Amino acid sequence: MCRKKFWILLLLVIGIGLAHGQSRRIINIPDISGYKTLKCDFHIHTVFSDGTVWPTVRINEAWEEGLDAISITDHIEYRPHSTDVVADHNRSYEIAVPLARQKNILLVKGAEITRSMPPGHLNALFIKNANLLDRDDVFDAIKEARDQGAFLIWNHPGWKAQQPDSTLWWPEHSNLLANGLLHGIEVYNSNEYYPEALEWANEKKLTMFANTDVHGPMNVEEGQHRPMTLVFAKSRTEGGIKEALFNRRTLAYFDNTLVGQSALLEPVFFASLEYDKAPLRIANGINKVVYLRNNSDLDYELELVQPGVGFDAPERLTLKAHHVTPLSLSGNSDEIGSTREINLYYTVKNMFTGPVDNLIVTFTFKNLP
Amino acid sequence: MCRKKFWILLLLVIGIGLAHGQSRRIINIPDISGYKTLKCDFHIHTVFSDGTVWPTVRINEAWEEGLDAISITDHIEYRPHSTDVVADHNRSYEIAVPLARQKNILLVKGAEITRSMPPGHLNALFIKNANLLDRDDVFDAIKEARDQGAFLIWNHPGWKAQQPDSTLWWPEHSNLLANGLLHGIEVYNSNEYYPEALEWANEKKLTMFANTDVHGPMNVEEGQHRPMTLVFAKSRTEGGIKEALFNRRTLAYFDNTLVGQSALLEPVFFASLEYDKAPLRIANGINKVVYLRNNSDLDYELELVQPGVGFDAPERLTLKAHHVTPLSLSGNSDEIGSTREINLYYTVKNMFTGPVDNLIVTFTFKNLP
Amino acid sequence: MCRKKFWILLLLVIGIGLAHGQSRRIINIPDISGYKTLKCDFHIHTVFSDGTVWPTVRINEAWEEGLDAISITDHIEYRPHSTDVVADHNRSYEIAVPLARQKNILLVKGAEITRSMPPGHLNALFIKNANLLDRDDVFDAIKEARDQGAFLIWNHPGWKAQQPDSTLWWPEHSNLLANGLLHGIEVYNSNEYYPEALEWANEKKLTMFANTDVHGPMNVEEGQHRPMTLVFAKSRTEGGIKEALFNRRTLAYFDNTLVGQSALLEPVFFASLEYDKAPLRIANGINKVVYLRNNSDLDYELELVQPGVGFDAPERLTLKAHHVTPLSLSGNSDEIGSTREINLYYTVKNMFTGPVDNLIVTFTFKNLP
Amino acid sequence: MCRKKFWILLLLVIGIGLAHGQSRRIINIPDISGYKTLKCDFHIHTVFSDGTVWPTVRINEAWEEGLDAISITDHIEYRPHSTDVVADHNRSYEIAVPLARQKNILLVKGAEITRSMPPGHLNALFIKNANLLDRDDVFDAIKEARDQGAFLIWNHPGWKAQQPDSTLWWPEHSNLLANGLLHGIEVYNSNEYYPEALEWANEKKLTMFANTDVHGPMNVEEGQHRPMTLVFAKSRTEGGIKEALFNRRTLAYFDNTLVGQSALLEPVFFASLEYDKAPLRIANGINKVVYLRNNSDLDYELELVQPGVGFDAPERLTLKAHHVTPLSLSGNSDEIGSTREINLYYTVKNMFTGPVDNLIVTFTFKNLP
């Protein structure tokens, strides 16, 4: 039998070398004044509920993809592998936490309270003991989470399985909200976008989330990224995340789109760009090119809101990620010669503040004679 | 409590719609005369040994990647998740088999006998009861597998953890071979190639394999493929595979490389190509272009073995996958005018018959005056 | 000076070896019954008008991208490089034609009659002498082309530079049409789609085109293709193309979209697919999967037109290019048990027959008890 | 005729909007102390010699690909398009220079003196009048270039067309060198690498170049780059480039490889990396991970030169471009506890200082008890 022990040691030592990912991607979305921009996914499953991967896989995926924080949120009420996987509701967190520490991934302890609509599925983050959420009555479970200090998110509010005809806000949700039992809402889940949730978040002061709800292995294609929640935190700590979530400093990031409040979208937009802010010297018939360098991973799609007074500017402009795009301004009347400040108003077609509202940004340049 | 039941049903119904892969890739390596070319991976782990995914993940991966057959070969002796995952050695097969049937993936029942060197790790395929392989003495385990009708493979024979200094064939392996307890060998495992194993396979009449030995999720990048064993079977059935393995009709396929016997490599090469085989009319100073269409996924890298007699042919030629490549032949002496058969000898730099030997192919054309 | 001659010879010999593309891509859009599906681009410029590449570049590009036929259509009236490039209007064709023959690219002689709106820019294909199109009056030029047997296309009818406010059909176009001086229209040019042109083509029996109007080097990204006109010809000859154009057997192909008549779209769709057409055996509660293999380069996006009677079918289905997609049908009432023919009606969202009309396809299966 | 004028104006206005590239890629190779790292290509052809594109194409390509400087070096002696393209040797420069200024590309005036071997083909950069290089005697042409202040490069010294059997240094080259008529040499041209040239450059103090010698359109695949010469200049000006070339401050950059002097390679390597340089606290059995962030476009391939004394370090490490790679160090003897400085010696397999010599880099960390 000592023969067996020998190779077990070898396997343990060597296993690391065989591990898949040897390097960590960098997600380029800039920090903004006063805050670190943390890349997070707060809705994830493992074999300990109805997922199909071991908890450590979630840490490795997050590390390789460049995330800062995740929460494993296994269902309390739904555990189809329980014949073979025998453990309590805290176990997936316990298994993942040593690797999370080693890889410097912030692992937020969570669970998914999984009920029929209303109120549907809710994620409880920053909980202390998931086992105590296993209660017959859903409101008892939610209150228990709250008593543990949880941040509570309404998941996939427009999920067809629970809201087949239209995406409704139920009295039960008003009730939760009124009692401090609901703090956030997913405006994006997996591959579905819920514009109604964006509207509710604005009206009812809920924090917005984009999460994966991933059950199987993540499969992020080259050049793509998983849906994620950007958290603007004072520090890269669990406490920093918690403070930011309760103060609604998040954006939902999916595909090439950012969704959230303009107070966060605008600084992200301008922090992504590098360009010469020196005064221009545009006059009638005189042209000037400003080179906009976009250091972020987003292609910003701009559309001119209104024509410039005394100058021409491009109606449409794509600021391609990691490229330099010229912005060409040319005077078209004598008026421009005496204008001392040039303002350019663009709507950013892939940054949403509401279901049909885009961020509007203003480029301002001094103009010299 | 009936509330719980309700959403469980919903989850079951909807879960399918959320599944990742909706379509199956096609691996383009042609069938050859008399045989179907099956794409197989015979070395795979799950959470039931030291892998990190649920057995169904392996079926989904195989289906999406276009494989025909896999074997889940969890370690008998090494089960680090056994605190949480409580099941016998047949369980991973049992969980995977219904999905395999539904997806039309051939699932070969297997297990990995996992010991120190010699004899190292051996995969037993086509076994009936994996629990019976759990024996103190490794040879008892191997004999048990044989008695169940198993095909036995020496895995990763050059693995540094077990053969740190050089890749050795041990007396124990001769012993296994002499007693009909060893039938195949991995010439490729995960991302390692063992040329010594190729040599032994040729000398000792072992069947060659390329397997993944995958533990975590497969991560096949766009345009890439997992290492796999091509099996030339009389039928796409488990029995067809077994007959082919015992008769050594396999090739190892990894990166852009095929390794094995020329009797299999050559028909694969020519079955990959489509071109006009009509007689040429080359004379001194007369040029003719033959368009070679390569319908396979391999880029074939050709190098001229010897100059043509009376004509020029390209010294190097890449027959790019799914492209048409011109082969330009031009007469360079009067001799060619009276030549009735033109033979072109090319070595295929990415098809290996031995550690330093490549397949040589002959293109033959009639030449008319 | 003989020294100079020596290296010139060397350059000529070696130049071929340095050529960029060594292989030709295959565009996978199937032939249909009775016709070859030729991939064509009938609007292309060179340095001999306002383009920036030599005519041979156009042949090499077409060959590498897998096209069958092109027409170089340099402007008659606009030649900004004429200070340095001194030649008549036939010269770009003359330079390109030897390489076209060598590479087996069909080169249709053409020119672009380039005037203000109306009638705008018109391509004349199959002309004999481009110099004779250099006439003061645009209608004289068009008549000259017609007298040479030309096929005449209205180019980019919605080009903002000539139709700034809306895409208009002018009396002059009615006049041309009535006099047999207008045969086709671009529904797609460069990167612009003109739905109005599709409508006019249907109403006025014009042949539809998608062309590049390329001026600089073609830059086709990996996995992409240039906009092109699919011509359904009885033979792969210039005559075959001419007959097909005058008989309106074309489709416009751009991005992942095909536009044209359903009589051509439908056979292309079904010729792209391979699946088992054997009778099904669906009954209430019984499920059957049909595997649809799509051998074309298009991802077909299907949407169910109406629910099946007695069975469920997927509402949305993407038949990914070069993949196999399962179509799962399941009986949901006893009625299906006595149904002998199952018809599935899908609209193909990326195949257009009109500005807002999609092709509808019917999958028909026999059903056995 | 006024009708013609109208559309010409329209074309001029609109032409810009149809231009291909709207944004400029960023090549990420860092500046080093005291110098800007300019990305340059000094060997390029147009239709004014045997190339197949208009000179402006070269400026657009350079701009889109992120280059700082190019030289158009049309052959003086070889102009196969001269029947149609009628102009003197300065013309391609003249045509390109306005667009170069507009796009902020430095355009170095050049020409290729194109003779049989010896001395073969030489590029003359920074010339004033290319017409004067059209001389019968090659040495007269070279001297004329020198008298104009030219920097002279021996192009593709191992080109099989001129050096069919082996890459030779001829007495004529010694003669040129001795007379100040040869300053640089291409170690890479198009897709060929000449290790002999690297050796000569080291021995004879020649400046190294990697150039494209492009004749047709550049076709840079997604994620790739053209071969280029990195110039370490005091300023981003033509004068800055000239000073740097005459002082041998260049590296050749092709594929994933950099070739040149270690005095330039080493600062590029370390300027590419960002990592915490704080003291470590490694002791026997204590492990520490340093995260190496590689901000450059190169994947650096490291191989340990010698084992650490008292600690283990990875034998091989790939610092993937734009990724973070962990470097794990672990104490393996008591000795390490008293070591105050840890030195790690790695050879960089893709940075060459000689034909078979790689750059060796040293990572130095303080170690605290």
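Here are a few things to note about the model shown:
Read from first to last, the chains carry the letters A, B, C and D; within each, the first residue is number 1.
Just so we're on the same page, contacts are C-beta pairs under 8 Å (C-beta built on N, C-alpha and C of every residue); 3 or more make two chains touch, one makes a residue touch a chain.
On a predicted model such as this, the values are computed, not experimentally measured, just so you know.
Steps from chain A to chain C, minimised over paths through touching chains, total 2.
Between the CA-based centres of chain A and chain D the separation comes to 40 Å, rounded to the whole angstrom. In chain A, there is no position where the chain touches two or more neighbouring chains simultaneously. All chain pairs that count as touching, in label order, are A-B, A-D, B-C, C-D.
Within the complex formed with chain B, the chain A residues making contact are 1, 3-4, 6-8, 10-11, 13-15, 18-20, 47-48, 50-54, 56-57, 60, 77-78, 81, 84-87, 91, 95, 114-116, 136, 138, 159-162, 190, 215-219, 221-222. Across the complex, chain B meets chain C through its residues 22-26, 291, 293, 318-320, 322-326.
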